[in-house]
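Below you'll find a set of structures to go through.
One chain, subunit A, appears in both complexes that follow, with subunit B as partner in the first and subunit C in the second.
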Partner chain A sequence: MSFLGYLAKRTVVLTATLILVLLATIMVAGGFGIVDRVAESAIRQEVNMMMRANPNLARLPEAERLKVMETLMEEQRKAIGLDKPFIERVPKYLFQALSWDFGKALYLRSASGSSLVRDLIAEVLPRTILLFTTGALISAIVGIALGLLMARRPLGLFDKIMTAFAVVSNSMPLWWVGMLLILVLGFTLKVLPPGGYVSVPAPTEPVAYVLDVLHHMILPLIAVVLVSFGGWAYTVRSLLLDTFQQDFILVARAKGLSENDVMYKHALRATAPPIITLLLLSIVGSMGGAIISEVVFNWAGMGRLFADAVAFQDVPVIIAETYVFSFLYVAVFLVLEVLYGLLDPRVRTGASVQG
Partner chain B sequence: MSQQSVLRVEGLVKWFDVTHGLMDMISGKRVFSKAVDGIDFEIETGRVFALAGESGSGKTTTGRTVLRLTEPTKGKIWFSDVDVASLKDGKLKEYRKQAQMVFQDPYQSLNPRQTVFQDIAEPFAIHGLRQSNEQEYDSVARALEEVHLEPPEEFIYRYPHELSGGQRQRVAIARALILSPRFIVADEPVSMLDMSVRAGILNLLASLIERHNISILFITHDLAVARYISGNMGVMYLGKIVERGVSERIFERPLHPYTQALITAVPVPDPRYKIGDIPIIGEISNSINIPSGCRFHPRCPYAKPLCREKEPPLRELERDHLVACHFAETIQPPTNHNRPRNDSEREDSA
Partner chain C sequence: MAKEQRKERKQGNRELAEFISQFRQSKAGMLGLVLITMFVLLSVYVVVAYPYEEVVKWNDVREWSDNPPTAPPFWAKVFSGKSLPETQVLNGSIARRYNVEGIYFEDRVLDLQYSYDEPPSEIIVDIGSTFQGSAPLIELSWIKPSGSTIMVFRTAAERSIEGPPYSYSHELYIYIDQEVKSNMANYLLSKYGVHVPVSSISVANVLFGKESPSVANASSIDVEKGIYQLKVHIQAYDPKDAITGFSAVVKGKVWGWMGTDIWGRDLLIGILWGTPVALLIGALTSVLSVGIGMAVGVISGFYEGRTGEVLERITDFFYMLPVLPLLIFVSFILRPSVWVMIPLLSLFGWPGIAKTARSITLQVKQETYVEAARALGASNLWILVRHIAPQTLPFSFANIALNVPGYIFTEASISFLGLGDPILPTWGKILGDAQASGATIGGYWWWVLIPGVMIFLVAISFALLGNALDRIVTPRLRRRA
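On to the complex of A and B.
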């Protein structure tokens, strides 16, 4: 099978995955009638307002008024398709979500007052990327560099210290480290702002605004990097040492390659696929933010939005966030397939991967 | 040293530090795995020296140490007039040009991400011998022809996973040959291959030795293969050579009980032939707790109290035939003169 054919097949499978995830989300979020009840009350409110605005209708006797109201509501229900059972409306919801039309949030509003789900997400996603994706990248870069150093002398002093550090730092929850840092740096030493992503009131000048955001970013960023770079270093070290056991590494040495070339030209290339997988997944994962930690740092990002949406049962927002993430993950998987093909000739030809 | 020899190993020792556990570390007690524990041998120019023995006897470690792929603990490795054991960076790289290795498992020893061409041509770049692309292509193609991967253009841009085991091993041999080395360590180069492919690879090696005047350290657990390919051989047991000499003679008249047992274990394709019975008991001991005295005594059917106390030296019992056994004279070796030969065993390998 050609590589392109293989990619085409993977694309179909991943798209199907995406649709299934979306379908499941819609069913879970909407299948218990909550969406319908919410929509029903919204219609009632709207019709009430319409009738009050119309003096002719307001003067009608009670019984007649109720009848008119019922007709108007029925019209509204028809207009948004609420007259049909939920299961028949699923394809419409599915299609809307697939075309990135998430409609309006039920309760949540963006800072600019918009109730469009798209605006809500567009507002918080950059914040999350700024903090968590930057953190993930820094952790990965620092971790890979340290992992390479550790693999140089396995069980040497540096390796042992880093291994111990990795175990300890990796088992500390981010929000807990965050609290400690806020306590020490934010309140005791008062060197960094203890929370938020910008001062209140925010600086009006663009340069000052950016600097202010960066200043607020330092503390959470330290926390994010601190808990994750040790794990990176240890993972990279283990992957490299595993590769070092292979005969072809011994062959590379026998050919006369320097230790540096053995490391970078042979070992690192063989270790690249799992490292790249981890890297891309951690970047995508970082875009989801962190629910508890965003609360601790008072950093209104994706995690906070999701937590709020769940708390208010704001179904369109829940569906939208889930869809955006599924989409990002699926996109990353496709990118990974292409990269694997570039890095490993065995994948390119669809041969079985052994040894 | 004689002009004839390419490589002479003197008192080679390789101990691995396997100290672990907190108590050992605190008390400063070191634990060593004595993989190679003082061996001597010599390889003549254009000849094959075989090292035979079971798994765990230290033969692979010997091969790797001789190439400085692992650092020797003690001893000298004379390559021409240079002690390889003490070589440093630049000089060591020079040695790598002259001494190559073929590994046991061709599925492991070829980098799955390199084409045949990249793999074989890489040493040019490493040793500053870059030529034009056409010249390098020609060199690699010639090397492929030499190992009978023909036509070479069909193989040169393939990846290892597109080749069979035998073809891979041929690529590995072509790679070892590309810089025209004087010496090659072949570590069980046929034991992972199908029977049908083995003879082809062995014949290829034999013809290359003749054509290029290469010397080979051939590591094998199969005494029939050792007899076929080598002029001289050494039999290793737990890091020591217990018997050394002309391969044919050792095979005809093994003096050490261990060698005798190994030889009687070689199957003979003749239903009328009754396999002799020299029992060796149990498994090879591990190289951390080496038995006192003669290392082989716990498994030896002829062991006497002396064997437990005193380690037998390697002594020349017959001309060019050395053995490390206190009682080599008294043990009646089974004569193998009447033993039928395998078809694959050649009359004279040298």
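On to the complex of A and C.
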């Protein structure tokens, strides 16, 4: 099979996955009557606005006005198809969501005042990507460097200390470490801002703005790196030690290559595919886990928006967030498959890969 | 046949003995096991010592108004260097009655031994009296160790609807009562000749500070140490009139082993109750999801045809789901109790295990002894039970332990957002409350530190146990593979 053919097949499978998740989300929300309730309240709001805008209607007696209101609402219901049973409307909702049309938020507004869910998400998504991609990259770099050191002398003192650190740091939720850091660095020592994405009011100059954002990023980054670099180091160490067992390393050593050449030119290169996988998975994983962390850091990203939407019961935003997170996950898996296809020809030819 | 079985059992016993001796050599694993045992014992104790009604009461924030809010634990003085007051309940005063020319008096005194560096956070005084006709006059005064006497509050009893005898009771919040404040101003005026605006008076400073003209609004004071007296004096017009109750709660600034939250709740109860809940959720979810994962993985590896293909696709589908966002979405709709949360978490937790179990099964299936068994006419069931299961079971035990921390974290995240079990206190819920109440930016460190440490300790116990099991199990798999 050609690489493009392989790619096309995987894209179809992953798109199907995505549609299935979306369909399940809509069905669950619809099955519990939540979609209808949201649509109904949106209609009520709109009809109220229409009636208030019309002075003739405002002067009508109470009973008449209610009657007019009911007719108007019925018209609206027909217009958006709410009179049909939910199951018949599913394809429409599905299509809307797939084209990133998530409708209007019930309560939440973007900084520019827009109530379109799409605008809300577009505003916060880059912030989440900025923070958690940076965090994952720093953790990976620090972790790989330390992992190399650990693999130099397995079961040596440094290896043991780092292994213990990895177990300890893996047993702490990121957001709790964040809360502690805010208490220590933000509250007690007051050396870093205790939360937020920029100062209020935000600096107007672009350079100052960027510096301000970076300043606010330091504390969350410390937390992210603190809980993840130990795990990285331990994983890289184990991968390297596994690789050392293999024949081509024996050959490289037999050729008389220096230990540095063996380590960097052969062993590290062989561990590249799993490391890339881990990196991408950790980025997307940390974004999923960002929901609580962003609340803790008051970082106005995807996670904070999700938590706000839950607190305000803003259903369209919740559905959209669920979908966008699924989309990010599936997109990362697609990237992974492409990379794997490029790195490992056995994958795309369908030959069995022996572990 | 029987002989063979006995031989096999012996072999099994030997493997188990070998496993136990290997495990014993792992200090980390033993530490994990000891910690888990302690948590289990603690859970049993908590469920017995604090029955479910206590939990329901814990959730009702109105029950806790007598406790000082956001009070650190008593051992906080280790950090602040200051001796902070604990809450004291004062009652059991002895009446001293006398009468002069048809007026009947009764005095009662409550003693307060006070040797802390800061005044208490509030004093709540309860006074009750009964009277026949004319309303008696009630006066409350405060006598400091130095001997100065301050008139705190004076009132005439009010008639109750029923009676005679009428009953009267009054609950006085000394620090915030406006009359008490103006009495403090009067005291300072008469003693030092200084005018202090009532709005800027700190009652605590006047009552507990070493006296000086500027004590009323000083930012910090030296507390007079010694025995304080709170005295109630009643002036009545009938021999049957009397004080029926006189007690005071001196609210401290520290509370118990784990402090209180913003509603004055004793965090000890919530945090202790979090232990059985966390263990239950972590362990049951892990057993359930590892069970599902093993079943799906082994079957999809064993039956490689259509069944295997379908199961593999399903596994891949679940593997790619964003677990936490979806769980939050579902929890938002269902508001799950613990008993719904456990299967829900398992539903999203099994695919990783299924993938590994599948690859182990594929490996074992290619072993020569499996082929030999098949050639001898062994059934699929026989091969599954006799050859595949012994290889995958140890792996699954290690994974059950290794997966517990993840589920505890996930449940904590959902509870943090207030979407967890509506009644049972969980560490995540307590931390979520802390975050929502500004504990991190208000410096309520105990509210953040202690529940998190509990999460950490339980998580690391299972991680240590799981790692130790994994280390024993993995080489065995490799050796045979």
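In the analysis below, the second predicted complex is superposed on the first by the 327 of 355 C-alpha atoms of A that agree within 3 Å, B and C clash if a C-alpha of one lies under 4 Å from a C-alpha of the other, contacts with A are read in each partner's own complex, and residues count from 1 in each chain.
Definition applied: contacts are C-beta pairs under 8 Å (C-beta built on N, C-alpha and C of every residue); 3 or more make two chains touch, one makes a residue touch a chain.
Since the structure is predicted, the reported quantities are computational estimates derived from the model, not experimental observations.
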Do subunit B and subunit C fit side by side on subunit A after the overlay, or clash? fit
Is A:T25 touching anything from subunit B or subunit C once the two structures are fitted on A? First, second, both or neither. second
In this superposition, which partner touches a larger number of subunit A residues, subunit B or subunit C? C
After the superposition on A, what does A:N56 contact: first (subunit B), second (subunit C), both or neither? neither
Would you check which partner chain A:I291 touches, where first means subunit B only, second means subunit C only, and both and neither mean what they say? second
Looking at the overlay, what does A:L257 touch: subunit B (first), subunit C (second), both, or neither? first
Can A:T204 be said to touch subunit B (first), subunit C (second), both, or neither? neither
Which of subunit B and subunit C A:S99 touches, first, second, both or neither: neither
Contacts for A:S112 in the overlay, against subunit B (first) and subunit C (second): which applies, first, second, both or neither? neither
First (subunit B), second (subunit C), both or neither: which does A:A270 touch? first
If you take every C-alpha pair with one atom in subunit B and one in subunit C, what is the shortest distance in Å after superposing? 7
By the touch definition above, which subunit A residues appear in both interfaces, subunit B in one complex and subunit C in the other? 355
Residue ranges of subunit A touching subunit C (in the complex, touch as defined): 14, 17, 20-21, 25, 28-29, 32, 34, 167-168, 170-173, 175-176, 179-180, 182-183, 186-188, 194-195, 284, 288-289, 291-292, 295-296, 306-307, 310-311, 313, 318-319, 321-322, 325-326, 328-330, 333, 355
For subunit A, which residues are in contact with subunit B within the complex? 246-248, 250-257, 261, 266, 269-270, 343-346, 349, 351-355
For the complex, give me every residue of subunit C touching subunit A. 28, 316-317, 320-326, 328-330, 332-333, 359, 363, 405, 409, 412-413, 416-419, 431, 434-435, 439-443, 445, 448-449, 452, 455-456, 459-460, 463-464, 467
Using the touch rule from the top, collect the residues of subunit B that touch subunit A in their complex. 64, 67, 69, 93, 96-97, 100-101, 103-105, 107-113, 115, 122-123, 126-127, 159, 161-162, 172, 175
